[in-house]
Amino acid sequence: MYNGGKIIAGLIIFFGLVTFPFYSNFGKTANKVTPKLDTPVINQLEKKECVKPKEYMRTEHMKVLDEWRDEVVREGKRDKMIVGGIEIEKSLQNGCLKCHSNVKTFCDVCHTSSGVKPYCWDCHFIKEEGLL
Amino acid sequence: MGIFFSFSMIIALVVIAFAGVQLANMQFIFGVVIPYAAIATFLIGVGFRVYKWGRSPVPFRIPTTCGQQKSLPWIKHSRFENPDSTFDVVVRMALEVFLFRTLFRNLKAETREGRVAYGSDKWLWLAGLALHVTFFVVLLRHLRFFMEPVPFFVNLTDSLDGFMQVGTPHLLITGVVLLLAAVYLFFRRISIPQVRYISLPADYFPLFLIMSIAISGILMRYFTKVDLVRIKALTMGLVTIGPVETDGIGAIFFVHIFLISILLAYFPFSKLMHMGGVFLSPTRNMANNSRIKRHINPWNYPVKVHTYEEYEEEFRDKMKSVGLPLEKE
Amino acid sequence: MSIDRRKFLKLAGLAGVGLGLSTSDLLFKGDAVASSSHSKAMAKERLAMVIDMRKFRTEEDYKRVIDACHSIHNVPTLIAEKNNPKNEVKWIWKDSYEHTFPDQSDDFHPEALKEKSFLLLCNHCDNPPCVRVCPTKATFKREDGLVIQDPHRCIGCRFCMAGCPYGSRSFNWVDPRLYLEKTDPAYPTRTMGVVEKCTFCVERLAKGLGPACAEQSNGGMVFGNLSDPNSEVRKLLASNYAIRRKPSLGTLPSVFYIIGGDENAG
Amino acid sequence: MAKTTQPAKPEELSKIDYTPPATDWLETPVEFKPGTYCHGSRIKYLEEVGFPNPREWAPSDEDWKLPANWKDIILEGMKERLGKYRSFQLFMDICVRCGACADKCHFYIGSGDPKNMPVLRAELMRSVYRKYFTTGGKLFGKQAGARELTEAVLKEWWYYFYQCTECRRCSVFCPYGIDQAEITMMGRELLNLVGGQTDWIGGPVANCYKKGNHLGLEPHAITSNIDYLLDDIEEISGIRPEPSFNRKGAEILFVAPSGDLFGDPGTYTAMGYLMLFHEIGLDYTWSTYASEGGNFGFFTSMEMAKRLNYKIYAEAKRLGVKWIIGGECGHMWRVLNQYMDTWNGPADFMVEPVSPITGTKFENAKGTKMVHITEFTADLIKNGKLKLDPSRNDHLNVTFHDSCNTARGMGIFEEPRYIIKNVCNNFHEMPEDTIREKTFCCGSGSGLNAGENMELRMRGGFPKASAVKSVQKKYGVNMLANICAIDRAVLPPLMQYWVPGVSVCGTHELLANALVMTGEKKRTQDLRLEDLPGIEEEGEGEEEENV
Amino acid sequence: MLDKALTGSKRYWTLVFILLSLIGAGTLAYLYQFKNGLGVTGMSRDVSWGFYISQFTFLVGVAASAVMLVIPYYLHNYKKFGKIVILGEFLAVGAVTMCLLFIVVDMGQPMRMLNVILHPTPNSILFWDATVLNGYLFLNIVIGWATLHAEKKGLPPAGWVKPLIYLSIPWAVSIHTVTAFLYAGLPGRHFWLTAIMAARFLASAFAAGPALLIILALIVRKYSKFDAGNEAIQSIGKIVAYAMTANVFFIILELFTAFYSQIPGHMHAFQYLFVGLEGHSKLVPLMWTSAILAVVALVMLIPPSIRNKESNLVVACVAVFISLWIDKGFGLVIGGFVPNPFDGVTEYWPTLPETLITLGVWATGFLVLTILYKVAISVREELGTAGAEK
Amino acid sequence: MNLNDLLLEKRSAILQKWFDLIIETYPEETAKFLKSQKNQFSNPVGHTILEGIEEIFNEVLGEPDPEKVAIYLDSIIRIRAIQEFSPSKALSFLFLLKKVIRAEVINETPEYHMLEELSVIESRIDDLVNISFDIYMQCREKIYELKANEVKNWTYRLLKKTNMVKEYKAEC
């Protein structure tokens, strides 16, 4: 008694599950998503810079926002920053989005692609789109 | 002894990956070449190992019966502990594979007042189940790096896993449970003398490996952040077998993926193959119906026997003396 | 608290080891707040509001201040009419004298007073029970006397609502975003399941502005530092008879009402 | 190297070495301790059945007189068996050493010897497997848990594979169902390839092969033995059953363990069979050729087991019976349930078993055509075909020991209990973790029931004895029923050592005690020819109970 | 040992199935509430706590029954409670489980519940309540399980259990006291602002919990071999009698204080509850039912001749339980919110989803209870120690 | 302070040392398990010994009741009788108690009367050794009897056949 059929079926199922990402992506090409920096405000900045270096912001922006919210709400530290020549509040809505008004092509592209769903937008929303 | 050996192995692996990336700039080796090699080793190895098992037949029907056999109709048959049909076997196997039925039964022997007493001991079951379930969920969650767009069930798993809004980004509970379960199993291994005694380097190594994978993952998510977008580009490049870019990704990621590669490559050659083995275990995956249906042994060969004729030949006189019927007078 | 220290506390809390340390830290801090208010040692700054009810004559006077507040803070004013009055969210509103001052009303007040509406809002008490009862420090008192509700941290247990003797707090029983007439993009909405209330326009104060209601009140609402003897509020309180709601509870409200007197004032 | 322990000299006592062992198990050699192992098999036994390397030897000898190429023989044998048995191959590969089996083994509980943990007993062989059959083991040696096969290792195998009763209790608790019995069986097969047989197994095997039963009872001895049982039955009940032997044309062939024909208290069980079959007027026959249900061949090799088992179907075919009933026996039923049909079937010359008394079809035996006697009897009782007087067993407080083989190799739990509950008024279960599928072995199964290893048997039986002791304390249990001939042989000494006051019996002894036979005289004795309390002298009954 | 819960009679599985269906219904209702907000309940800006919190308050009392058995058994060596004490401990586990669940379903942001630990706030009574409730749950699970496990093995419990048992006694008192402090420390809520709030909690707890325990013990006796023993049940009956008397006495004290002083704030709540206020009288019939049942219970409990008959005791216990359930479940919490800070009356009545969720939580608690009792009973039945001691 | 009080005070230390010493008499590998402090209960043998020696120690401090002490000695010796192979080794555990007690007492720079008491206690232990020899021998005899009985069981029918059964019964 070898149960060869069952073993092969089991192996096929297992390999099918393991290689799922490979064949489900078959024929596709990986496109690296790039957040767009093309907004009117950014285009007019005298110096293209953010509150922190770009590399830092890439990985730590959520921490920055988290720290801001405690500083602003809890500690009343609302000192403003000059970034790229314009004044920025420590605020998602009134700070970040001032330059990055393109939420869909700046924030969402990466978040969607990485399966991240921040709940910031439950309360904070974007100027031109009103409620999300 | 085994602990030290295994631990140094892990440290060495971490150092290799770290140095390879930081000093030798071998991002491509660690991010692309080794993962591909590991996946290939994993698939071929597992296939070969299972093939090797499958090549040996199951000559006899030897299920371990853990409950009442199917007998007279008025006797309650314990279907899933002593299955007699394929369906019952499937249920028994499902209970085993998904709920670790057997470990749930675990006992601990104790003696006091001059007699042995048995108490239930479910910690191994709990930790084992926690480790495996969370490992599965963690794997499922990681599909977000290998699928574009991210499928809904991956997003759903992620949001359920991060239901408790702790920290930024949200703490994913399975990662922590996975690590805790592995740590528990390690401490169990060294604190119970019997288990420590039987433990080989091959027992510590996978535990350390899983722990270090979990730790590197947790570090990456919460502490020494990495650029997810670039990582996703890399991982998508891997699964689409397209060009892969490895720039701008922190070394910790390469440590993480290197350790996973090691795990994958190590898998088919180790006790981790219990994953496949549990399905093939003849004492669990067979119905106890050999009195109903004949089980065929493919290598059943004729053997030398002592026939009745030979027997009668030898004892004819004695049989005759007590009046036993004979074939030949 | 420096950022580093706060970070440390967060990490420690995460690891479950910082409990003792941060606990004691806050315990003493809490005590300090309580004792300072009782010892009457005046803090350097204590922001307060004096509402001069004499200045509120027409319906329009009330509507102006209420709308000013609700519109800039995205308060979901449509709940009462579109959802259910019981789920109402409000930061500043009006009510009758006997509801506003239930312990201080009697049948022999002037008729005008009985019919007059009073403006109600968070009292930003100097000894706030809501801060005392909050299990997560989502509600806290700032050094300038403002009682602030941090909606990020609120777990929605509503203990503060039971603790507030002034009914100043609203809970988001339903999704507030569905009941906004129009929105002000400069200010966030709240999410379902958290408590909110008047903040004395803390975000405007930071910009050097006064509370929105006061700005629109035509002098009916005066905002200032109670600790400063030369502030307008002090002057008003010195020259007028003002009362506070439920003084017997010892909460020391920072909202004062001038309910009558010189009819020609302002 | 193996060594034999000498009694400690007094001066040795005073200088006990307190330092813990520096070596781990891979390097700790085995000591042959008197009382824990069986004698090596005699030449004649091996020769009789054609087992390799017959010679004079003793396990404690330095030189085992192994064939020169013993190592090749073993490794070749291992390779062959890895290819023939998926269980063996799999169980070598997938153990994760979780330790769940460790304290489940009666030998480990009774001795504390770590190599008696099922996992480590299996590792004794896995370590060799890794060395010669896996890449990791070849490359990394000790770090991969691999070791050379040396003579010392072989001796260690021998010592510990004859300290396993193949009871399968570990298998119940192993998350992957790894069955130490399977590994022990392979180990013993391999040892047999180089003559590593024990005398106590070799003898019965040779006997059974030539004479049809383990005890070597020749045909006339069987019939006369049964005659003596019939004398006793007549004395007790006034009725003399008339069984037939080797009778062609009988409806049913009855096969019992030969131990029941000869040794006490098995003989009382045999009397039980005889009385029951007589009472219901069953058309059946005994066979002197197939006079053994048990199979010591099973403790040597699959091939030998098949050679011995051959006789049952051959005899059934020769006699032309319709089907077979099997007596109360443990490993006999493991073999009949799991192996017989595969080895020597198909049994298509017989018909699906139907009870001639009740008309019940035994559907669960329609392949092998072999019914367990407790299934048969339980059906009789259920259908009210037997007149029973359970009060005749009132002097007994009975508990039931599930034999490992019928428990974990078959799953027969309710049938014997049903019988006991119908024939006894006082039945008490042992603690739940020591019965049914979790039952503990008697400590002497799989051919370990020799005399020279009595100490080992007492150790191995300690957990079961503890369980009996607890019901003895709690309910005054004085009778340990079972459905296994080995149990009936080995539990009496075990009880005498650990739990004096508890006797041992088969269930059909209890049944026959309670069975009211047509035309019987008033019974004053039980099957053991002991007076039934309270029957003759009503007043003295109580007093006797206290004795 | 948990295996025992996986095998059982048809009746056992029917009960489990019914409870699971209720839990299922409750879960669906909760998902509805989770999606649409607590607005789907009857709670409002004025009555901001409702059914959930009041059930929690009541069940904290039920959880206490264990201590009324533990004290006599362990402190006074009252051996008759030997068998029933495990029922008390497991009842506490079930009750505290419900308490915690009720708090969770009442939260607006349950995802942030760990904030209570991450931002520990010792000045908040709720922080302490979370601490003591979880601690009490832990204590009772560990103590109950460890003693039962030892019993199963036929061994004395491990040495570390004893200190935990002693610790559980003050701890049981603490869960009531702290829960009472939730209410008693709020300024402006006259109905709650009373020094004997904690004492009232203890009295009603020691009446309602043991009353339920008696009922459960009798049900268990009816459907299994487990018999806690007549004397034990009668002794608990005595406890219920004393505690209920004290409870009613305390309520009379409150009434006197309010109405003799004639302070409006103190009278209003009572007026609302018993006669209605400003034309609002939703709770009046319920409160009178409670009052009448309390009197009936006292009449049946105080004279030993009546109480000693088991059927009477059952009726009295049911009366006590329902009376106190209304008193705590409606009167206490709702009464505290009426009238509101503006002296207005907003009434409260639970909605359908709210009721379903409440039922679901009760079912969860009873499922936990059923499973734990099943294990305890099976262990005792197997050991042969389930029957009454002679 | 008298010796009894001193020993009571040091009871747990003495028992611990005694237990360790007993365990050391086992083969090395076995000892490793039996000795493990954290998990001494997972091995029944280890615990039977631990429990037995506690009671024996109590008896030694008081006036030993031969019947009671025999029960506990039996529980240990019955196990050792099938694990150890020489009587001296099997019973050595009692002498180890002497060793432990002495070591403890000497450390305390005892007064003279203590030494006197010590000899009383030691003679009690000697008495226990005497009882133990009897128990040990009973156990060993039992083993041989079992071996013999097994043979008798197998041959009972033969004996009966040759009318020797009455004799056999009388032997019992």
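Note that the chains take the letters A, B, C, D, E and F in the order they are written out, and that residue 1 is the start of every chain.
Keep this in mind: a contact is a pair of C-beta atoms (placed from the backbone, for glycine too) under 8 Å apart; a residue touches a chain by one contact, two chains touch by 3 or more.
Keep in mind it's a predicted model, so treat the numbers as computed, not measured.
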Interface with more contacting C-beta pairs, comparing C-E to A-C: C-E
Label of the chain whose CA centroid is most distant from the centroid of chain F: C
Chain closest to the middle, measuring from C-alpha centroids that were averaged per chain: B
Distance from the mean Cα position of chain E to that of chain B, given in whole angstrom: 45
Length of the line joining the C-alpha centres of chain C and chain F, rounded to whole Å: 81
Length of the line joining the C-alpha centres of chain D and chain E, rounded to whole Å: 56
For chain A, residues contacting two or more additional chains: 119
Shared interface positions of chain F, touching two or more other chains: 32-33, 42-46
Residues of chain D touching at least two other chains: 25, 103, 109, 114, 224, 431, 462-463, 466, 470
In the complex with chain D, residue positions of chain F that touch it: 21, 24-34, 42-46, 78-79, 81-83, 85-86, 88-89, 92, 95, 139, 142-143, 145-147, 149-151, 153-154, 156-157, 160-161
Touch list for chain B against partner chain E, complex: 104-105, 110, 112-113, 115, 117-120, 122, 163-166
Touching residues on chain E, where the partner in the complex is chain B: 1-3, 109, 111-114, 118, 149, 152-155
Contacting residues of chain C [partner chain E, same complex]: 10, 13-14, 16, 19, 22-23, 26-27, 30, 83-84, 86-89, 95, 98-100, 102-103, 129, 132-138, 153-159, 161-167, 170-175, 191-195, 246, 249-251
Of chain C, residues touching chain A in the complex: 1, 3, 6-7, 140, 142, 144, 148, 150-152, 177, 180, 183, 185-191, 202-203, 206
